[in-house]
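Listed below are the structures to be examined.
Each of the next two complexes has chain A plus one more chain, namely chain B in the first and chain C in the second.
Up next is the complex of A and B:
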């Protein structure tokens, strides 16, 4: 299966939210990583077919999704960001309703709902009103809803928002288990969520894909650019102004130890560190934060 | 499809605004309808007390061109008998407002003329009126017999007078337009019905139910508007629109299912309002009686009311749902719906509207629910069993509903997703 996104552009008035994106997605987990406002949600909405594009096209196995229409939506599972649902519905009823909208009916729908509730660990609250669920439980309900029709294209917009660590792990395992023969598109800014499970990472910045590759490939980009330096506390500010500063931790030698992503060695005494995805993120978005702050 | 519609209905009844309005409407309509029927039953309202019939069931009376003369002479003979009148003022006073022709019935217009000519004083005029109120009336034991003669004769003569004056007017004002043609058709039908003969009977239960309904139609429309105003804007404000749009059924089907839900909702509300209006009257005042009019029976009338309510409700709901798909804010939806509903209603009061504009106005959603005016008086007057009279309304509504449906699909699809 191949989901081809060609020259997709979305403008809101004058503002370009997604700028000429070209990607071809294949089976596996594809993580979409980017700062707030970088256009992840907009891109995913267009892939989910709920938002029209200004330019470009999306096709599944060579056929335009607008022409495929309901056949495309039939294989689609979508969890929107800030997933909204009917507060007065019981959990069970909401899923049955979604089943009906997805074209599943009768006994099969009931069975599917029970399975999905079990999968996301909500089997005990199936008779509770959605309004009475905690934020994380609601998010899990959103995940269950997306999986009802056993989709081969799964679009998840920040699915782990609000999940506790245990649920996060459960969710990660679920994604691993599902990823074998389907396309999973997963938007997030939580790097740790995807470092183990993503087969491919797309970095989005200001509506464009600025980096695209497997985790290793991305790590290679920042290889030799990640440094660890011990500094005094009063030096911290000048470092932060000059470089993209990552994790700050206690130091045994001086006041603090800072992690810096930089093309040049920031200090004589700086030691090269082993890069992780956080550093990749920082490499691309470190400056953005500063530009935004200065505005 | 069935499951979706079921849950869509649940959504309506779950909505706080809708359920509050439904509850209030229910309490008001049951209260008004029940109270009114009780008042008639106890005689605080209406022309006579049921009890005054001495518990007698009023018999059906057949009137036709052939037996009317006999009935008139029987009535005259009956009215000339002294012993049928009540002379005890104490009893008579409880019959204030009775409209049966009593022995000392007075000519009010003659009295008025007398006042304006200065022949009598104002005080004398009022005394005459109060004398009238305590004038002797028919004794209880003769009431049923009297009614049996009086009612058919007076109904027959009022209908035939009406036919005559209409014919007279049609001859004088010979324009031959659609309005006059339909008027003539009605008159001819009525004349035929009278010649063939009709059955008059006591029908308070039915006529009161019908009267109740005509008061409560606005309440029905309010319930429809408030129940459906959230259809799409509710999805927008909850942020469920994106979820729904991404499912197999898609936008067009989803909107279609919303429309189907609206039709079912209107059906439920029409049945409810009819039951609420008719049931107390029928239970308290009796089911007996039909065919009081010349053109349609009570059951037919009820069916007509129901169809008008349903079609009117559906056509209003398409408008409401279109606005609901346009706006996020409920208040805008309500405002726009009320404006579109009420404007055609107000336009009806423009003097000297030509017949075609009148028909068009009457076909618009809000007015359509107030059935009988255009269906019978001004437009076509044929048995509702002959479905013809519904054709314009149905055709008009199907066309406008389909158009509004596509507009709704479009505005729902284009609506900006917020979550």
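Up next is the complex of A and C:
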């Protein structure tokens, strides 16, 4: 399967939210990494077919998704970023309602709902109102909902927002398990979520794709540009002004050890460090990626 | 030369290309065949049946209440204005149907439901058929009671009942295009209240309506019926995500 996004642009008035994006997605997990406001959600909405684009086209196996229409939506699973409505629905009823909208048969729908509740570990709250669920539980329900029709294209907009570390790992395993024979598009600004599961990473900045490749390929970009330096605490500010400073940790030699991404060696005593995805993020965004629940 | 011969030989066979629908359904089948979940053939009838359960409970309740009120009033009121009663009660049905029809249309729900096989616009059509059908039955029932209790010609009261219904439905739908459901309900109720009171307060208005002949009545009814069909059709085609973002605020992110 091949999902081709050609010259997609979205403008809101004068503001360009997504700027001439060109990518062809194949089976596997594709991570869309970007800071707040970089246009991830806007791009996902266009791929999901809910938001019209200003320019460009999206096609699945050579067919425009607007022409495929229901055939396309039939293979689509979508978890929107804000999943806060449906408060008055019971968990079970909500899933059944989504089944109805996804065209699933009554008997089959019931069975499928139970399977999905089990899969995301919500079988004990199936009779609770959605409004009474915790944030993480809601998110899991959103994932269950997206999987009901066994989609071949799965679009997840910040799916792990609000999940605790245990659930994060569980979710990562679920994605791994699902990623065969499917296109999974996964938007996030949390690097650790995708570092082991993404077959491909797209880095998005101000509506554009600024880097595109496998994790290794992206790490190669910053190879030789990541440094570890021991400095005094009073030097920290001047370093932060001059360089992109990543992780700061304790140092045995001086006050602190800083991780710096820079084209030039920042200090005589700086030693080259092994790059990770966080450094790539830092290199492109000049700021530290959000680390959530590092346990 | 050889190519031409082959071509002419092949021309002899008439190949009929299947129509677009068939091609699409093949594509759908191929895509489906690779998945563990298969989607059954969807007919509009099936969509309607699936939507009956998601019609708001308050809709059934208030519709039932409407029926009781109609029966009760006909048994109590005894004046020449009884017929007008039909004209002025049927708009009530629209106000109770609005939340059911437009319930799906908020930004968050549209974002999710717009990606499903059955689109919100189709859900809207299914629900308007459900509400419309029930309202039709209720109005016919009211007309029947009117025919039994009063000596107004059946056709006259039927036309009046449906005129009240279609005209107010048209107004309600128009407002729903520009305002949130609650606002549309409030505005429609206000217009409806003014209309009803004017009918009962000003004798001229009442007499005018009572004395309209069949031809005028049916023309006005037909006019509103067409307008209503038009606005329902327009609504169905216009409830896209962007439209709802416009109606329900642009807050995003």
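Definition applied: the second predicted complex is superposed on the first by the 285 of 295 C-alpha atoms of A that agree within 3 Å, B and C clash if a C-alpha of one lies under 4 Å from a C-alpha of the other, contacts with A are read in each partner's own complex, and residues count from 1 in each chain.
One rule holds in what follows: contacts are C-beta pairs under 8 Å (C-beta built on N, C-alpha and C of every residue); 3 or more make two chains touch, one makes a residue touch a chain.
Bear in mind the structure is a predicted one, so any value in this text is a computation, not a measurement.
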**Report entry** Clash or fit, chain B versus chain C on superposed chain A
**Finding:** clash
Query raised in the report: Between chain B (first) and chain C (second), which does A:88 come into contact with in this model arrangement: first, second, both, or neither?
Result: first
Query raised in the report: Of the two partner chains, chain B (first) and chain C (second), which one does A:49 touch, if any: first, second, both, or neither?
Result: both
Query raised in the report: After superposition on the shared chain, which partner residues are touched by A:127: those of chain B (first), chain C (second), both, or neither?
Result: neither
Query raised in the report: In the superposed arrangement, which partner chain does A:76 touch: chain B (first), chain C (second), both, or neither?
Result: both
Report task. Based on the superposed arrangement, let me know which partner A:98 touches: chain B (first), chain C (second), both, or neither? Result -> both
Query raised in the report: Taking the superposition as given, does A:112 touch the first partner, chain B, the second, chain C, both, or neither?
Result: second
Report task. Go through the superposed model and pick first if A:234 touches only chain B, second if only chain C, both, or neither. Result -> neither
Query - On chain A, positions contacted by chain B and by chain C - result: 45, 48-52, 70, 73-74, 76, 78, 80, 82-86, 97-98, 100-103, 105, 145, 149
Report summary line: Given the complex, residues on chain A that touch chain C span 36-37, 41, 45, 48-52, 63, 68, 70-71, 73-76, 78, 80, 82-86, 97-98, 100-105, 108, 112, 145, 148-150, 152, 155, 181
Query raised in the report: Can you list the residues on chain C that touch chain A in the complex?
Result: 24, 27-28, 31-32, 34-37, 39-40, 42, 50-51, 53-54, 106, 108-119, 123, 240-242, 252-253
Requested in this report: Name, in rising order, each residue of chain B that touches chain A in their complex.
Outcome: 1, 3-4, 7, 10-11, 14, 238-250, 254, 414, 417, 419
Query - Footprint of chain B on chain A - complex, ascending - result: 45, 48-52, 69-70, 73-74, 76, 78, 80-89, 93, 96-103, 105, 109, 145, 149
